[in-house]
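Same chain, two partners: chain A is paired with chain B first, then with chain C.
Moving on, here comes the complex of A and B:
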């Protein structure tokens, strides 16, 4: 998967606006010529990353075909009401949701997505920001009907599957202004990978980041003791990536993925097209100056 | 002692006679009343066993033996099964038979507030998040209702509940409906068990259940039941097995507080402490809460709310805490 995406090197300075990005990243549709001459939609391989939550939990204990089907249909129903863009861990989002304690009854929160977890209708993403020198994380249910709007302000990927270590990083890495403007990518451009290395604060930390093998941390060894280095080496499992059975149990097989996406893809594709049209037709209103 | 022994013999004999009877409801007098039997030229009153097995308590699975069937034989058996039960079909993920209906279209029943309707047999298929109107997230349990059919109706006159009748007992008002779920292959069950389903025109069911009803809520045998039997915002009683937790200590099983971690406490941080006093009766009272096996018991979750009903895939999410592996019995509160 990494090979198909060309890496875009970014300057390590945050807030640099060098690359234009696209909000609704939809790869152009390919048509496969079937035997009987009919045109058939071929399902893009990136679906498994873009619509990751449509794949069920691979744990056999929790599998049930009927329930999964029902969940998928409910997810599509929700997607037909609001535009849920596809984004990745490391993207910067703004989420507007209903809040009964707020005077305006809505709350807007901007932050970096540090984790995406759970499958199906209970899919969650965690946003992190630092407001008034206080780290704030909010876990949103993706299919929560109280969410009014999800906007991707900067679409990019990071080197790791989750960025939980930002909790112990310097605050500048997870500080984003609330009035941040969305950056756009060219149509059909690949999602850039931000290979920034994060500097951690000195210990004590919330987690044992040195043991997880994160690629996005700048020199973990300078923070840890000799004993911890020994422990880290002892707990390393470099053979794990060759464990085929583990990989099989951890993932949904490709044939099943195809089955699932062939069921939902045509509706998802139509939804994304209609959302695109809506976005174009929206009239831009220039904000008025006050005070 | 000899007499006692004879008594026991007679009793066992009695049992055998009972089990041979095909329909115990046809011989109500035999049950619950004492009998006079001559033992060594003496009249002895013998109480029959109190346990009365209902008519559907039969040997279900037949013994497995090598039948040496040829391919043609197997095909013939399959053909016969399909003739009787209809073509095999997969209904919402579960293999059953597509049995054609053999009953006439039903007239809508007149149900009053005092009438008791039948319940359903369901299966928990997972947890499902739902959001309420006020934005609250609610964790629900999905219950799937698969292929429920009514097997038999037993009117109040014939239906005897499992207890000793007494003189001057009021007239029985409640009948009973036998409901089955998930059709199975009739060649896998015994002849007696398959005979239960003869009148309803339904293949033998994997699961059977009894529901006590008022006669006005009676449905003829062979009627299919679906999740549409209930409506959202109804409150149901759900019976099922709880999660098996194995042998558990007093803290997990009964919620005892345990003892402190420090201050001189040794080896008894999770113990229950004293179980009785030596001053009063000087013994342990029955029912004392102690460690033991926890869970895997039949329990009724009362007043679970139906939040939503899906009729295409028959199931209903509701608030419930029962075990996923067991099949459930769902019915409106008594």
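Moving on, here comes the complex of A and C:
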């Protein structure tokens, strides 16, 4: 029994680095709860996915109440200047930003969001696209003042928390035209989950995707050797989902989340309402051809 | 070094110690730095570059002209290609980049001659728009003119 506990503890310590980087990532358990109704009852339940970056880093040595509060107020200030939509890993975005090197002084990039990381003011997302058969990734700081506009072209979720394996997937899965039209969802409709299974290129890969337990990869085992299969099995940690302490350490408790969102929610709500009004007034109807 | 030796001896004796060994050391992912003997991909349509890529023998870096000796976007490199020495400009890197700077899936190079004129007439892939500023700064009066490379680019990103 004792040895079992020590082993669990060791595994948590090993993984602590990855958890640290993932910061306030939400557990799949919480995720399912939010999906199965009760979404309308309590608004903060929804907020922890929509405004994920408002939650601080769960790592205790990085916590600082004053800094967190100042960062939140700065984030609200930035949000009152531009409309930052909520999106998820797997959504397709277009970002227009200032670029001093360009003759027009702006640059537009369209791509699929493959990673969202860091919390607070440093929140960062990575866009990926394939242009002229060359995969390109650009990371953006979400609260960067040089960003002019962030538009969600297609709002959807994927099966995984990050899509870094798209680097080794066939190019068709990360190719998006730059003149893509935005697709709108109905008001209050749930965010669709795209359960596409991605086909990978043959090895060598840039990462050990088979070890991470991604759900969005189509049959990893056909690419890897027998030895790698053995390693994969050895490194599996099926007990991880029962590890309550680990769960506790990598998430922010619900009471604390409520406290944070009660502080910022009224302002966020007003901002989203005013942005909606602005959008409605700006709706452009394409003139129909006559004759 | 000592630890790895111990681990190796342990492994040879007991294969079941693999789990224990994986706790002793870990492997970090590759940094994808461009340094000596890194293979690059020629992305312009010059004859020598096309032949080398078609043969499956992409050029190797044999010198990087900067202080750190790790190549980044806009750096001049000397490459060994098909038994010849050619100079080139790095126009895309695989390694991790700061926000706003594009990161590509391959390490790309465009071959130039000593006066800065590209050997090819077209670049088939998008190149970072920051090259405009970098190459302009590197061009000195009466020296090599690197900005000719920008004229043969098709898309900037």
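Keep in mind that, in the parts below, the second predicted complex is superposed on the first by the 240 of 291 C-alpha atoms of A that agree within 3 Å, B and C clash if a C-alpha of one lies under 4 Å from a C-alpha of the other, contacts with A are read in each partner's own complex, and residues count from 1 in each chain.
Basically, contacts are C-beta pairs under 8 Å (C-beta built on N, C-alpha and C of every residue); 3 or more make two chains touch, one makes a residue touch a chain.
In this text, all values refer to a predicted model and were calculated from it rather than measured experimentally.
Upon superposition of the two complexes on chain A, no clash is found between chain B and chain C, which fit side by side. In the superposition on chain A, A:46 makes contact with neither chain B nor chain C.
Looking at the superposition, the partner that touches the larger set of chain A residues, chain B or chain C, turns out to be C.
Of the two partner chains, chain C is the only one touched by A:101; chain B is not. In the superposed pair of complexes, A:162 makes contact with neither chain B nor chain C. Look at A:195: by the touch rule set out above, it reaches neither chain B nor chain C. Judged by the touch definition given at the top, the superposed model places A:235 against chain C, while chain B stays out of reach. Applying the stated contact rule after C-alpha superposition, one finds that A:263 touches neither chain B nor chain C. Applying the stated contact rule after C-alpha superposition, one finds that A:140 touches chain C and leaves chain B untouched. Of all C-alpha pairs linking chain B and chain C after the chain A fit, the shortest spans 8 Å. Residues 100, 141, 144, 146 of chain A lie at the contact with chain B in one complex and at the contact with chain C in the other.
In the complex of the two chains, the chain B residues touching chain A come out as 92-93, 125-126, 128-129, 131, 135, 137, 142, 144, 310, 313, 315. Only residues 10, 14, 97, 99-102, 107, 109, 124, 131-141, 144, 146, 167, 206-207, 234-235 of chain A touch chain C when the two sit together in their complex. Against chain B, the residues of chain A that register as touching in their complex are 62, 64-67, 69-71, 98, 100, 121-122, 141, 143-146.
Those residues of chain C whose C-beta lies close enough to touch chain A in the complex are 18-19, 22-23, 26, 29-30, 92, 97-106, 108, 124-126, 129-133, 154-157.
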